[in-house]
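Labels for the chains are A, B, C and D, by order of writing; each one numbers its residues from 1.
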Amino acid sequence: MAEKKRVIIDTDTAGDDTISILTALHYFQVEGIMVTGGNVQFDQQVENALYTVQVAGKNEEVPVFKGYERPIMGLGENQHRTVEDVHGKDGMGDSFFEKAINSPSEGHAVDYLIETVHKYPGEIHILAIAPLTNIAMAIKKDPTIISKIPHLYIMGGTNNALGNITPSAEYNFYVDPEAAKIVLHSGIPITMVGWEMCTQFSIMNDQDHEDIEALATKGSQFFKDVNKVVMKFNKSVHKLNGTTHPDTLLAAVAANEQIMTKSNLYHVDVETAGELTRGYSLVDVNNRLERPKNVRVCEAIDQKAFKEMVLEVLGAII
Amino acid sequence: MAEKKRVIIDTDTAGDDTISILTALHYFQVEGIMVTGGNVQFDQQVENALYTVQVAGKNEEVPVFKGYERPIMGLGENQHRTVEDVHGKDGMGDSFFEKAINSPSEGHAVDYLIETVHKYPGEIHILAIAPLTNIAMAIKKDPTIISKIPHLYIMGGTNNALGNITPSAEYNFYVDPEAAKIVLHSGIPITMVGWEMCTQFSIMNDQDHEDIEALATKGSQFFKDVNKVVMKFNKSVHKLNGTTHPDTLLAAVAANEQIMTKSNLYHVDVETAGELTRGYSLVDVNNRLERPKNVRVCEAIDQKAFKEMVLEVLGAII
Amino acid sequence: MAEKKRVIIDTDTAGDDTISILTALHYFQVEGIMVTGGNVQFDQQVENALYTVQVAGKNEEVPVFKGYERPIMGLGENQHRTVEDVHGKDGMGDSFFEKAINSPSEGHAVDYLIETVHKYPGEIHILAIAPLTNIAMAIKKDPTIISKIPHLYIMGGTNNALGNITPSAEYNFYVDPEAAKIVLHSGIPITMVGWEMCTQFSIMNDQDHEDIEALATKGSQFFKDVNKVVMKFNKSVHKLNGTTHPDTLLAAVAANEQIMTKSNLYHVDVETAGELTRGYSLVDVNNRLERPKNVRVCEAIDQKAFKEMVLEVLGAII
Amino acid sequence: MAEKKRVIIDTDTAGDDTISILTALHYFQVEGIMVTGGNVQFDQQVENALYTVQVAGKNEEVPVFKGYERPIMGLGENQHRTVEDVHGKDGMGDSFFEKAINSPSEGHAVDYLIETVHKYPGEIHILAIAPLTNIAMAIKKDPTIISKIPHLYIMGGTNNALGNITPSAEYNFYVDPEAAKIVLHSGIPITMVGWEMCTQFSIMNDQDHEDIEALATKGSQFFKDVNKVVMKFNKSVHKLNGTTHPDTLLAAVAANEQIMTKSNLYHVDVETAGELTRGYSLVDVNNRLERPKNVRVCEAIDQKAFKEMVLEVLGAII
């Protein structure tokens, strides 16, 4: 256990976030989980995170902290756009699981992150599988953490490809582009896995789902439950023949960089001001802008290896 | 003493901030002072705040907290625009006072604000005489403080008048328009004293300065020292024949609303996206947009009463 | 007659445009009139222009040309905002005058303008009392006219004051800010009379209306007719006690610059990108931006002299 | 000859524009050519267009008209971005051909277009291989042409892919996004061939160039000359192993829609307001915005058929 890397997960726990958390719990020493506003109602997300930790049997070890419920520029009564149509009303494929045993820990997620980074300087890797509000706010509150974070893995944005929430934007960047901008310009070493990696390399088709079901573990049953709604959504909206697993792919890449068969360092930025392009991620593949290369962008995945990792994770939860 | 209202001051302490603090210390029960990035270098501002409290002889009572050094969207190495040309290199009219006895208190200003508002619900009035970063960040971190803040007095913006840092914007709104937007839309009851109130009603001409000097107190000497540089700046840049006291005017209005001889409730908002108008404050005087009226805007001041207040404050510091 | 200056008028003929046209017809050699989209339905405006020329008895001399019906960025079916509430359904105070004898002349207004400027190089002054679409499009189509236009008088924008169509914008700049931007940056010598000049110096109160009525001319009757609706609108919306005459003031200033008792050369620009500030006119009174001074901005009017001019114009139409 | 479709070409003649013009001259009844500001200096482009027509031996038949030299929002002295690095100083691979025999025709390109569309209602197809300034300005000047243009073929934009002038934008849309917006929203039936079609399907590698050279015609020699500089540019900047022929591909698609093996009708729009995304083309492949489908977007090409067309065109110029 001792040699596992320490990570903190930042999640808007719904759907694939759960499998991502299970993956991280399997491969990392997860210090804690931060919840941020995103996919579905905030308190439901907190509950989903707690329940997922419980499924993995890590109740005693892994605290869950509440963070920012809304994007930086979420004003007054305006709610940001949640996506219950993708993940089900409870964000768990309409499984409506029983209430988790644990409650969220005291204190704000951002203070927990700042404190933990200072406690283990250079050791806390961050897995960001949600809008980047919490991470941006931590950086702003205490910029001295920047040099103490060895790496930040972000599921978000696209690399010159179609978005998922609008044609020009991926959901996590779209919900809080100001946060994404703060994080991308922070100086923290970043690896980004964009939405197009997920549509190309993370899809689980019917055969894959059968293979997982054949595991017949608590993990495989949980996987089946939470993916019910997203399967239908992907077929009708994204014209995809299977379920997508962006957050799980991010955790797998962080756990085993070898499955990332192609990547490059590029200048990456995010649009906050456009009329049609709020949340658009600019990836300067040909270095036309000659700006600093701040993000390692994942460009290909060994899909088979990824699936083996998922099978290993789900098979181990018995 | 017991009947004085509790306030917390948020300041980028330089020049007129100091006289504003003295004014607040005279008329209010000042619980604490928060420093935010603005006029001059941050640590100099903290030092200026501590020194000002010392001048008032309130070292033992009034803690100073460090807050956000930079605007919400201040990215990477970009500094926001400081204005040493207005206030002198030290922000104190190039007086280069000796170091203050006290040091800033432990903890982040924003956590101090949140804690204190919850400690005295409905009692903590806020005087905002700086970019609104700290206040916005407090609201975002804990929106439950909103309903517990009875009133927020803001020096900032303009009411359909020329700005001071650009033609379209006043400095405090310009430095952090995202913060201003968050605060204006928060639902907290707000009184705004804009820059045009200061150019019309807060100017101290040569006679006024002589009257203050005639007080021959420690307070009057301090006033003379900190206003050396701004006097020249106002004449050359703003074509104003005297010193301006926006922050002091704000504190005076908060202490004695009677000196505000005209005010109205309007819809007020701030531009964040314009090419020429970043930080512009929209004040919908004729209600053309038919949006909620969220700010009481100060439209006229009893200038004589204001000056008497300043004389009282400076005369009492002996 | 020979010594009168040549002008071309660009108008969205409704309400005060008519009195402005009468004023120009009185004091200038009006070569022609161009109509642009603005106040009310385009064909109604053309009709209003023709009828106004007829009232002045200049049917034979002054052609009316149809120009751009819609702003540069008026897309697809989107109509720009017309203001029948200000000027009446017909733009003539709901007077529903009989049809004009003349018809508009053949050819596009912009081609007429380009041709005429080349025909009388250095002689054609332009009076712009409408959105600046036609003038911008002429400049873009043939930039060589720029150096041949001695002066352009614009009714539009505000000088750091409240707008009339939104809090931040005056109507003519708001309807087509891209056109305003093209014109302001063209290099043509410009005098601008902003909306705040009109609310301060062009207002005709009840006594003024009585004085005009006492003329008992065809001109005074026409004035009375077209101002019926705007009188009510100004009282209810702009809290103004009388009728405003922005376009007439512009023509009067052009005819007799002596009535402009204060003016200065400033850098003037217009916002096209803001969320709240589309059409905002930046006037850099204190030269904070240190950009080229491109516009002479009218800052005060001899109101008495202006009214005498109006009385002279209306008295002469018998 | 009689059964050939009538077209008008709008071009910023440099590099591949010339081969595109030769292609159009081969397959269509080209009524005329309009030049717009774009790739290189305007007068050089006009010269290049004239010379290209001469190469094809159509001097007597095909007039060349000068249009807008600069984008709609090209202000004052600001030049738009020309790309001599891509096409050579003369836009012809630094071939510095002798001066063309013909001169451009009298009249403005936009008036020529309007007149010709009205002359042959429903017959004039437009090939747009340049920034869309001329076409937008024609639409604005006379919207009644819209219903008389049967089809507009546009080389421009990208379909959720990397741009060529910035990461987010293709050159033609980037130079004049306001024009692109006007055209896309006009209601004219449009086929768009984006930059990613060109990098995927229009590339001519060394073998292709040898095949062309083997034709040993005046046409093949001309092709060789004009492609000298772009070959090097594509290798170093776009990492492409060959020359790209976006404009020729557009003409080929218009001449023979069968080579377009995949296409779909989508909502397409262009960003004008973004900080990083000016000129970005939004293509709503999954109809997430549920807006009108206004553009048929080319999604695949029969590359072999395309090359055969080019060989046929160049082989016929002897």
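Keep in mind that, in the parts below, a contact is a pair of C-beta atoms (placed from the backbone, for glycine too) under 8 Å apart; a residue touches a chain by one contact, two chains touch by 3 or more.
Keep in mind that what you see is a predicted model, and the values were worked out from it rather than measured.
Undergrad: Note down the smallest number of touching-chain steps it takes to go from chain A to chain D.
TA: The least step count works out to 1.
Undergrad: Please name the chain that ends up farthest from chain C once chain centres are defined by their CA atoms averaged.
TA: A
Undergrad: Would you kindly state whether over half or under half of the residue numbers at the chain B/chain C interface are used by both copies, giving same or different?
TA: same
Undergrad: Taking each chain's centre as the mean position of its Cα atoms, how many Å separate chain C from chain D?
TA: 41
Undergrad: Using mean CA coordinates as chain centres, what's the gap between chain B and chain D in Å?
TA: 57
Undergrad: Using mean CA coordinates as chain centres, what's the gap between chain B and chain C in Å?
TA: One centre to the other, that is 42 Å.
Undergrad: Multi-chain contacts only, two chains or more: what residues does chain B have there?
TA: Residues 273.
Undergrad: By the document's touch rule, what are all the touching chain pairs in this structure?
TA: A-B, A-D, B-C, C-D
Undergrad: Would you tell me which residues of chain D are touching chain A in their complex?
TA: These residues of chain D touch chain A: 160-162, 165-168, 237-239, 269-277, 280, 282-286, 288-289.
Undergrad: Note which residues of chain C are touching chain D in the complex, please.
TA: 68-70, 72-73, 75-76, 108, 110-111, 137, 140-141, 143, 178, 181-182, 185-187, 273
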